[in-house]
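Two complexes come next, and they have one chain in common, subunit A, joined by subunit B in the first and subunit C in the second.
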Partner chain A sequence: MLLDLDGITVAFGGLIAVGDVTFAMAEGDVLGLVGPNGAGKTTLFNAVSGLVRPTRGQARFLGRDLVAMPIHARARAGIGRTFQVPQPMHELTVRENLMVASRFATGRIDRERIAEILDLLKLGHKADADAATSLALTEQKALEVGKALATNPKLLMLDEVLAGLETAGKRAFMHTLAEVRQRYGLGLLIIEHDIETITRLCPRVVVLNFGRLIAEGSPDHVFNDPEVIRSYTGGEAA
Partner chain B sequence: MIDLVAQSLFSGVLSGAYYALIALGLALVFGTMRVINLAHGELVLLGAYISYTAEEKLGLDPLASLPLALTLVVATAMAVYYLISLIKTDRELNSLILTFGIGVILTNAVLMIWSADIHSTTTPWYHDATILFDTLFAMQAELVFAALGIVLVGAVWWWLEKSWYGRALRAVASNRDAAKLMGVNPQLTEVLSFAVSGLLATVAGVAIYTAKVIQPSLGHHLTVKAFIITVLAGMGSVPGVLLGAVLLGVVESLTVTLASSALQELAGMVLFLVVLLLMPSGLFGRAKRRG
Partner chain C sequence: MNNSVKIAVFLALSYVAVPLALGSNTYVIGLIVAALTIAGIAVAWALLGNLGGMVSFGHAAFFGVGAYVSALLTLRGGWPVFPAMLMAGVGAAIASVATMPALRLRGPYFALAILAYAEIFRILATELKPVTGGAAGLLSIPRLPNVLGLDFGSKLGGYFVILTIVVAAMAAYHLIRRSAYGLALKAMHDSEDATRVVGVNSIVLKAWMLMVSAFITGMVGAFNAHYINFLEPDYAFAGQWTMLAIVSAIFGGYRTVSGPLAGALVVYLVDQLAFKPILPQGHQIVLGVLLGAMILFNPGGMMSMLTAKFLRKEASHAA
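Let's look at the complex of A and B:
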């Protein structure tokens, strides 16, 4: 298994942000993670990427125990992650952002791959620009994906990477993501609110509500599940 | 009068070079750990006293004492880092208390070991006068350590800009969690920043021992100067640290020349408050970041 979560629980004091979540992904799988605001999606991302430590449960990545693994070691093991709000390295250029990721996650600077990523994400013309001040929102989102790709991940976790983009930008970015996946054969774990995006990109979807997994399956199946509809509408299913 | 002001400006620039060494060490540690090391001035002081002991007891020239001072100061800096790394919650706040305490302990250790007497090098060469452009006076020690200071600041700037570990250090300073997710081990960058900070403190300590006088209470004043310079420069700007240090050196020197030596420390504080008021990001800091 690429990622194997078993009973992952994250509690902040008395608040259960993620409760007893269990699912698995095989290598190359594309899985959508959806749910209303506050469902625990980003907290689950944080637990997998190491930013929070699960209170209970097991997490394994390619058979290795994740729970005790430091964050930088997870990146080196093959977990790449983006943030909902882009987090460029302000002191570095766009290219340097990717080079640092490549150097420290893989132990060497893969210049060919970096050039390929810059080209794929249409950042080539901004490669030597200051990452802090020179990028439009779409480019900041692209850099966020680029940094994660430069770590040579086997699993790429995308946290609302399309949020804030207009429809045309969103479609173009979806196309780019499909190309990324095809070229690098990555597993993708995607948090997204936009149903169209999830339906197009993800053959399988997991739905969280109040931290609990309430449905899992194909987009058609889960988006017609009465409990999922209730979780979004707060009322009865049609 | 013009000659006096020119001499004052020149002396300020020379002092600025070793002020820059002290401030850069403080700024590096702050950048990577968000920790203000209030014991930083005491590390400088330790370097100065080790150089004094090496000269007094072993007959070593202060420059020749650098390897010994470097070893002991960097080891002490590592011990400070280790203690800070034990803090698990509210590190930014708790480290202030911890490093303040370490500073007090180090000051008292210096007092117990070396007494409250003031010291300066007894090697005459360092105090020999050099006349530049027929009018400007400097001691050999001031010229040597000003040159060494500028070279070291330049070397650190190059290391941060061009080396991979320098870039990693900047990445951690920019965004710690995002840097970790790029595979950067933050502990390694923290150790490196403390080691470089210890190196710079050592050279500054030996510079002060040869060009000025040392006494146990000096450490605290040096930390305050380093903090003022870091704020003047704006966080994250190495050339800014050098220019901020020179500015502080010049303002202090002019104050002594044109007003009174009693107002020297106050002048630095006034400069600090004026810059904070008018330019909160410092003279060379980024005004606002996006993203």
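Let's look at the complex of A and C:
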């Protein structure tokens, strides 16, 4: 298994942000993670990438125990992630952002791969521009993906990477993501609110609500699930 | 003027022109040595502040430890002075390991924690009488040696030694800043989580910067011990070593490699040569006002201001 979560629970004091979540992904899988605001999706990302420590539960990545693994070691093991709000590294150019990711996650600066990523994400013309001040939102989102790709991940976790983009930008980005997956053969775990995007990108979807997993299956199956509809509408299913 | 030419001019001025012009004036050379001593700590402080993102109020700890290590190795261990000075850097770097729990703290909490460490080291130096001589201190610390006819124990010889330490520290600052480690350290300032998730072990990197900074400061402390041939805890661990370094680094521009040196030279020499004769009591007030003005109107410091002016001038020539 690429990622194997078993009963993952994250509690902040008395608040259960993620409760007893269990699912698994095989290598190369594409899985959508959906749910209303506050459902615990980003907290689950944080638990997998190491930014928060699960209160209970087991997490394994390619057979290795994740819970005791430090954040930087998870990146080196092959877990790449983006942030909902882009976090370009300040005072660094776009290329330097990728160089840092490449150097520290893989032990060497893979300039060939960096050039390939810049090209793939259409950031080549901004490679030597200041990452924090000279990128449009779409480019900042692309840089988030680029940094994660530069770590040579086996699992890429995308946190609302399409949010805030207009329809054309969204379509272009989805096309790029498909190309990324095809080229690098990596697993994708995608948080996204846009149902159309999830339906087009993910053959399998997991739905969280109030931190709990309430449905899992194909997009058709889960988006017709009465409990999922209730969780989004706050009322009865049609 | 490209960077190689600038460096060559700087080295020629420092190693040739200054000794030729001022070598016989022991008073001025003495002042320059004092300014360079502060510059050495300022470069080390800036390296930690700029690259490590940590504001330290406790560099006096590393200065003092370096001074005592070198003094004791030469006095009690019979070590030659220069190897002892290197070991002083190592000693200060090892001492910095004791301060590493503070690396988990951020901002003012780190600054205050490391200040507490400096005080602990001062108390240790005072209380460990059999080793350090206690409050009475250590006398007759061996002076800098005579090597191949060059008397490093003289004022001018001392100038060459401290200048070399400062130049080496600046070179280290420059090389680290340009490396992947430097990029990661810079990146950590505003987005530490974003750097950790791409594989950067932020605690280890900060620890390395602290050790490098402590090593340089320890060497400067060792130089000072052999230059003045006397040590006592209240002097070696005095807060002034930290404060003057911070003022110099911020005045000169701690985000540039040359800023701390320029800041130390201007702050110390202008104070001693211009303000002190006019205002023997309270001449530091003028410096305080100047520093305040610099922070208010040009927080990047003197070197960034001069660089911006130079670039504007070049642009107007090109237009």
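By our rule, the second predicted complex is superposed on the first by the 238 of 238 C-alpha atoms of A that agree within 3 Å, B and C clash if a C-alpha of one lies under 4 Å from a C-alpha of the other, contacts with A are read in each partner's own complex, and residues count from 1 in each chain.
Following the convention adopted for this analysis, a residue touches a chain if its C-beta (ideal position, glycine included) is under 8 Å from a C-beta of that chain, and two chains touch if they have at least 3 such contacts.
Because the structure is a prediction, the values reported are computed rather than measured.
**Q** When the two structures are superposed on subunit A, do subunit B and subunit C clash or fit side by side?
**A** clash
**Q** Considering only the touch criterion stated at the top, classify A:Asn209 as touching first (subunit B), second (subunit C), both, or neither.
**A** In the superposed model, A:Asn209 contacts neither subunit B nor subunit C.
**Q** With both complexes overlaid on chain A, does A:Phe104 touch subunit B (first), subunit C (second), both or neither?
**A** both
**Q** Once chain A of both complexes is superposed, is A:Gln140 in touch with subunit B (first), subunit C (second), both, or neither?
**A** After superposition on chain A, A:Gln140 lies in contact with subunit B alone.
**Q** Let me test your reading of the model: by the given contact rule, A:Glu96 touches which partner, first (subunit B), second (subunit C), both or neither?
**A** Both partners, subunit B and subunit C.
**Q** Touch check for A:Val85: first (subunit B), second (subunit C), both, or neither?
**A** first
**Q** Could you look at A:Thr43 and tell me whether it touches subunit B, subunit C, both or neither (first, second, both, neither)?
**A** Once the two structures are laid over each other on A, A:Thr43 reaches no partner at all.
**Q** Determine, for the stretches 1-9, 181-189 or 307-315 of subunit C, which one clashes with subunit B when the structures are superposed.
**A** Only one listed stretch clashes with subunit B, namely 181-189.
**Q** Residues of subunit A that sit at the subunit B interface in one complex and at the subunit C interface in the other, please.
**A** The answer is residues 49-51, 70-72, 74-76, 80-81, 83, 87-92, 96-97, 99-101, 103-106, 132, 147-148, 150-151 of subunit A.
**Q** Touching subunit B in the complex: which residues of subunit A?
**A** For this pair, the touching residues of subunit A are 49-51, 70-72, 74-76, 80-81, 83, 85-92, 96-97, 99-101, 103-106, 132-133, 135, 140, 147-148, 150-151.
**Q** Which stretch or stretches of subunit B touch subunit A in the complex?
**A** 164, 167-168, 170-171, 173-175, 177-186, 236, 286, 289-291
**Q** Taking the complex as given, what residues does subunit C use to touch subunit A?
**A** 180, 183-184, 186-187, 189-191, 193-202
**Q** Using the touch definition from the top, list the residues of subunit A that touch subunit C in their complex.
**A** 49-51, 70-72, 74-76, 80-81, 83, 87-92, 96-97, 99-101, 103-106, 109, 132, 147-148, 150-151
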